[in-house]
Amino acid sequence: MNKPALKLAIIGGGSSYTPELVEGIINRIERLPVREIHFVDVESGREKMAIIEALTRRMIARAGVEIDIKASFDRRAAITGADFVLTQFRVGGLQARANDERIPLKYGVIGQETTGPGGFAKALRTIPVILDICRDIEELAPDAWLLNFTNPAGLVTEAVNKFTKVKAIGLCNVPVSMRMMIAEMMECTPEELSLECAGLNHLLWAHRAWIDGKDVTDEVLQKVGDGATYTMKNISEEPWDPEFLKALGAIPCPYHRYFYQTDAMLAEEKAAAESQGTRAEQVMETEQSLFELYKDESLATKPTELESRGGAYYSDASLNLIDSIYNDLKSLHVVNVANNGAIPNLPDDAVIECSAVVGGWGARPLAVGTLPVAISGLVAQVKAYEQLTVEAAVHGDYDKGLMALACNPLVPDISKAKLIFDDILKINHDYLPQFGRS
Amino acid sequence: MNKPALKLAIIGGGSSYTPELVEGIINRIERLPVREIHFVDVESGREKMAIIEALTRRMIARAGVEIDIKASFDRRAAITGADFVLTQFRVGGLQARANDERIPLKYGVIGQETTGPGGFAKALRTIPVILDICRDIEELAPDAWLLNFTNPAGLVTEAVNKFTKVKAIGLCNVPVSMRMMIAEMMECTPEELSLECAGLNHLLWAHRAWIDGKDVTDEVLQKVGDGATYTMKNISEEPWDPEFLKALGAIPCPYHRYFYQTDAMLAEEKAAAESQGTRAEQVMETEQSLFELYKDESLATKPTELESRGGAYYSDASLNLIDSIYNDLKSLHVVNVANNGAIPNLPDDAVIECSAVVGGWGARPLAVGTLPVAISGLVAQVKAYEQLTVEAAVHGDYDKGLMALACNPLVPDISKAKLIFDDILKINHDYLPQFGRS
Amino acid sequence: MNKPALKLAIIGGGSSYTPELVEGIINRIERLPVREIHFVDVESGREKMAIIEALTRRMIARAGVEIDIKASFDRRAAITGADFVLTQFRVGGLQARANDERIPLKYGVIGQETTGPGGFAKALRTIPVILDICRDIEELAPDAWLLNFTNPAGLVTEAVNKFTKVKAIGLCNVPVSMRMMIAEMMECTPEELSLECAGLNHLLWAHRAWIDGKDVTDEVLQKVGDGATYTMKNISEEPWDPEFLKALGAIPCPYHRYFYQTDAMLAEEKAAAESQGTRAEQVMETEQSLFELYKDESLATKPTELESRGGAYYSDASLNLIDSIYNDLKSLHVVNVANNGAIPNLPDDAVIECSAVVGGWGARPLAVGTLPVAISGLVAQVKAYEQLTVEAAVHGDYDKGLMALACNPLVPDISKAKLIFDDILKINHDYLPQFGRS
Amino acid sequence: MNKPALKLAIIGGGSSYTPELVEGIINRIERLPVREIHFVDVESGREKMAIIEALTRRMIARAGVEIDIKASFDRRAAITGADFVLTQFRVGGLQARANDERIPLKYGVIGQETTGPGGFAKALRTIPVILDICRDIEELAPDAWLLNFTNPAGLVTEAVNKFTKVKAIGLCNVPVSMRMMIAEMMECTPEELSLECAGLNHLLWAHRAWIDGKDVTDEVLQKVGDGATYTMKNISEEPWDPEFLKALGAIPCPYHRYFYQTDAMLAEEKAAAESQGTRAEQVMETEQSLFELYKDESLATKPTELESRGGAYYSDASLNLIDSIYNDLKSLHVVNVANNGAIPNLPDDAVIECSAVVGGWGARPLAVGTLPVAISGLVAQVKAYEQLTVEAAVHGDYDKGLMALACNPLVPDISKAKLIFDDILKINHDYLPQFGRS
């Protein structure tokens, strides 16, 4: 069948990650005949987007491929006729993230930008914007796929699924990072490793791991317990207790440290905030030096320094997903999609992160059956937090927002929930018109 | 129909509560023709049981009713032919309770005897003993009803339901206390008030309150938020935040303070432990003075001082339940029984605390439908803790025990879970043969 | 508490049952202080309503109670300010019922007015009318209770629950008839008998029966199998196979004969239709003679001849229900209400027929837990039929209607489903404007 | 990775299908390095197995591949060390099948060997035998995969999953036949077609069909309604009503005709039984002539006449499955496996037929979410029949067997259920020792 060439719209095109994405497109041009990439960003990102535009044009030219690069502030033009819309924007920029990290810490609570109160604040800012984007997609590119990277990716994708008709898949680099790290410790290729994953975004377990049809879950747990490298750039590598891992019986994701090793993670965050600054504050510096590099007119490839930014494999994960959809590959990916029974006890319309078969039909999750009780309890609790957060973000509902934080396992009690929520509302005032509090 | 007169077996007969129970029996003798009460206790309670035996004989004599009082250490004799077996024993006595309260506090964690790690330790000690009692009931009184007051009452009843054939109902004084306090603040009689209750033991919500067919839930929440008396003797009366109550939309039980107001409750516990001692340590003193009173040979009624002991309405709650069963009243009680769909998303065999119709058929819970997500998430999480605790207690399974504590919302992370669990195993060594660790 | 006196609105006031209802009110006047009864009917029932009005006025006068009887064609006036609205109307009258019975028989399919294609046709005619009534109640008596007797009572109540805000309970005389017949065969009073009932309207099982706390289910099944009287006026008393009853392990309702003894029931219906006429045709005669009696100005009580009309206990069932609500009795009734988890595997908003606690809060079903698989399969199948029928009736959706009949276990296949459906649409053309087919 | 070569055990090796299977193995020898095939059969099949053994040896020799062919009556030897055990046996042979078809017809009920009472009888005979086989596999080849073709494949696989530890997948040629026929009518290759399948064995729907990411379900339904070829060799091609298909909204499988077009199928069965004989009687003749062909010593390939036997694609379906497992392909197949939430409202351990990802980990079903109510009702009803049949077959429980037939939608009522069941027990007496009735 003769398939048409592709148009991609990149919302948040001025991101420092963009060169990696473009590199990935160039490398796959035989499988993914992209004819146009339209970057779009907000006015305050004008300078960064210009740098990205120039760099990626140089990359395209050097590679000798024919892709039309556009960069504008006209989101509707970018979306019109797009086949895939990629969202990697950050409402409020890194300064808002720094606030997300600092506010909870002030009250002795984990300050992390995706999980806990930080992710809650980010969701409140992000969801109204992505719903706006979806209204445009419904009108201007109703057959397009939305691939959402914007964190908290599960929550945000759930809002899209519940409140729009857009075909959306949420994507995270945690699952592919888990695969890479486990393959390395097991000394096999990533392709030889099978993982049965199910949970929520940043709360993902590989329930079982196989190599070549042999269940190696216990072996992996032992290696992780023995100190095999098992974390991501942006998460402190707190060691795992081998006895706990054995009792758990499933492979946690690096972000689980926030839930299972809360005290140690909190101590590390506090120490970092006092010395080198929170993660956002560190990233600001990295970003600045990256963009300095990007400006260099002799640069026509993705610089290796980008890897220290974190977010490894994002480009691969998203482009492999597009490949699976466009070429109807029916291959397995771990994505954020509507549950539809994959995890019993969660509603059909709850977005989960799970192994799914991706093809022209989108993503169909694998049914994993009833989860172990120690896992399903935590999943239910965190999903309650997520459902309430979506309601709060969409309707500007203070009560729902308060209950969301009260349900979050990282928030110790309601008095702290309220203090933190009120600070979040105040400091993010300009980004939260839905709450209409002055 | 001519019903036979009743034999009651009271396991833990030497409890200071027993006089209240006997008083209740005397008051209901027309409806509940009790012919025999057999107290049974362990050797170390010999003195207390003798005091109770003498006091209750005097009470019977004074009332002029014909009840045969027996007291022995022969549990099998007590159970043989009993119609109702009441369990109110405490494995390890108040000293064990003091340990349950002190160990978690050592690590900055809520130290409460029913909820959190304290209740976990109590469950580990209690469940093997109650299963033993049930083996006797299965053999010697297979038609008897077991009414279990021993805390944590929900957990313990779940173990009985899952691992024995005994007809069991778990009972707590929290629901009746809630009714009394709400009736008082609403200025109606307890009978005029209807409460639709569902949750877990010590994690119970009245989802709606009616007076005379009118929904008064919001009014009750407002009064509680405004500072109406709403606690029990053994729980610090931390005030409730009115905004939180409005957002919650259901009436929490006094024990919810441990979950919703964790920091304040912890602070209060710490302060108390340092000054007047933990609750157990205070109760030891009360107990001593109560038994001094009980010894007084001129005393032939329940002394009013008993009320300061806490545990109000226990006697009424249990005897009204017996009345409902014996006289097939089909009246509503809030009890701990198998879920059977009353709370969707929990298994049929999970024991819940809920409004139920009690009669000769036992207790049939009312179906309340899908709970609000902010409540069902917490229920799922705590029920996961309970299911794992039951497994750990029955099978002496260390992994299950560790995961149980890791699932308990009052335990902040796994490193503390492990420290606490190891202390519990060590200090309770003699009471936990199932763990077989030396 | 001083409760206001009651106004009742009776939709379909010209029914031959009405005198029984009024008699019941007179008998309960101490408990239910009714001050006004407003009968309302359609123009074509003018004569009958006039006869009923006159007779009931005579009854009131004779009893010396003060009740204001009104009769009109002004439904809105009747509903305004009513406390209870009782619906016992029949769209299309007995002629429509005769059609409902004749059409399926033409194709060799059970022709019964509540179950199978006959009930389907009746639902299509009835649901639009009752939704109209509910719009009036929402506006004119928003606190009123709707008690619906109109068959198929479960289906119709489900439509009300899903598409209106009216507080509704569906009522049937089958459960009380079962209680009466079982009590008689067990030689106890109806009050001594406890039945745990759950299923759908006219598809109700008593899963267990107790007398005085003793499970007598097997004994009841044996007596029914041995030929104890166990049917209702309008259902042929086909004997039950004792081996089948033992295998079933639950007490079926008389209407189950249509599902379990289809061939014999069909044969009986065919024979009756050819000789004395279908049930509707027989009832027409009874009705005529009843109204002749009612006209007699010397008559001032319910004539005993009414009992041969069928529908025994309707009056008692409905007035006891009103008593429970008005006086907040919290007594057990078997009613049609939203499932809310009482039968797992059915949605919360599916209306079921089940034992429920009735008081000022309405009806709260008992949770019965997972049903035996032989029962839950049939329940799922019939509920699918009901859900589709409600959709078809409300939206005039031909596809849903066709699938509804295809799902009905009494309809052997889709070719017959279609023939019957098309006949129903044609013959009921004037009553089914929602289908808009000419 | 260097994988060991494979041993296959074929239970029922004397089947006329075997040459097709061996041909498939020869064609895939590069991907599936089979080193040994061990046929095993019962004594009464000695002659057929000898013919098959000789023919397949000639096939192997002609193809020049090295496979060790063994044929014996020693099931334990065959199973020892096998990597895959394929079960294609028929307890009681074609004569038993003829009985299965004739008995229901005698009572005017569909007589089909997999669906309805015929399949019930076959399950009762088959399940005890396959459980015996599984005991051998547990002991002698615990890592082997059991691929079960023996009908009713869903039921039989459910028994294996519930009562043994064997890793089993049930397989049917209906799904692959559906794919072939739909691809042909849509003029695409089978690979270009995506089907989302879920249901039960011989009660399978393709809920949606895609070509190249485009949903073509409605188009397929229209073509089937317009008379596109859509049946299998052994099922009468009764035309589908286009209006019904539109209302159904999903693509039924050819066997659905028995449920949706019962009257026409019954009429066709009766006519066939009176003229050319039941399907079993026709197959007996085909079989005889096939074996005559097989005897021809010059024959060294699968004869084309085998195709008229029915059972197309069996060989491909099973060998592609083995390929997916052995080479860890993670490709999509439609198989019979434990539900695990794929179809909500069915238990986790119910075996369903569904799209699943097959690899070294076995088969993981796709989660399809809540099915349309018209479909889920029928699925629940038929699964109830299947669960009861498994219980009846394993425990020889008459009550469960009677209720199973009473639940089967093809059996009109309990009187016929009983007549048929009693006939089945009598005529299959020698094959049903578990019922122990003499």
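First chain written, first letter: the chains are A, B, C and D, and each begins at residue 1.
What we mean here is this: a contact is a pair of C-beta atoms (placed from the backbone, for glycine too) under 8 Å apart; a residue touches a chain by one contact, two chains touch by 3 or more.
The structure presented is a predicted model; accordingly, all values stated were derived computationally and were not measured.
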Path length in steps (a step moves to a chain that is touched) from chain B to chain D: 2
Copies chain A and chain B touch via same or different residues, half shared test: same
Chain A-chain D separation of Cα centroids, rounded to whole Å: 44
Approximate Å spacing (C-alpha centroids) for the pair chain A, chain C: 55
Junction residues of chain D - those touching two or more other chains: none
Interchain contacts (touch definition) - all pairs: A-B, A-D, B-C, C-D
Chain A residues touching chain D - in the complex, by the definition given at the top: 1, 3, 192, 194, 196, 208, 210, 212-214, 325, 328, 330-332, 338-344, 348, 355, 357, 359-361, 364-370
Complex interface listing, chain D residues touching chain C: 241, 243-244, 246-249, 259-264, 345, 373-374, 376-378, 380-385, 387-388, 398-400, 402-404, 406-407, 409, 412-416, 418
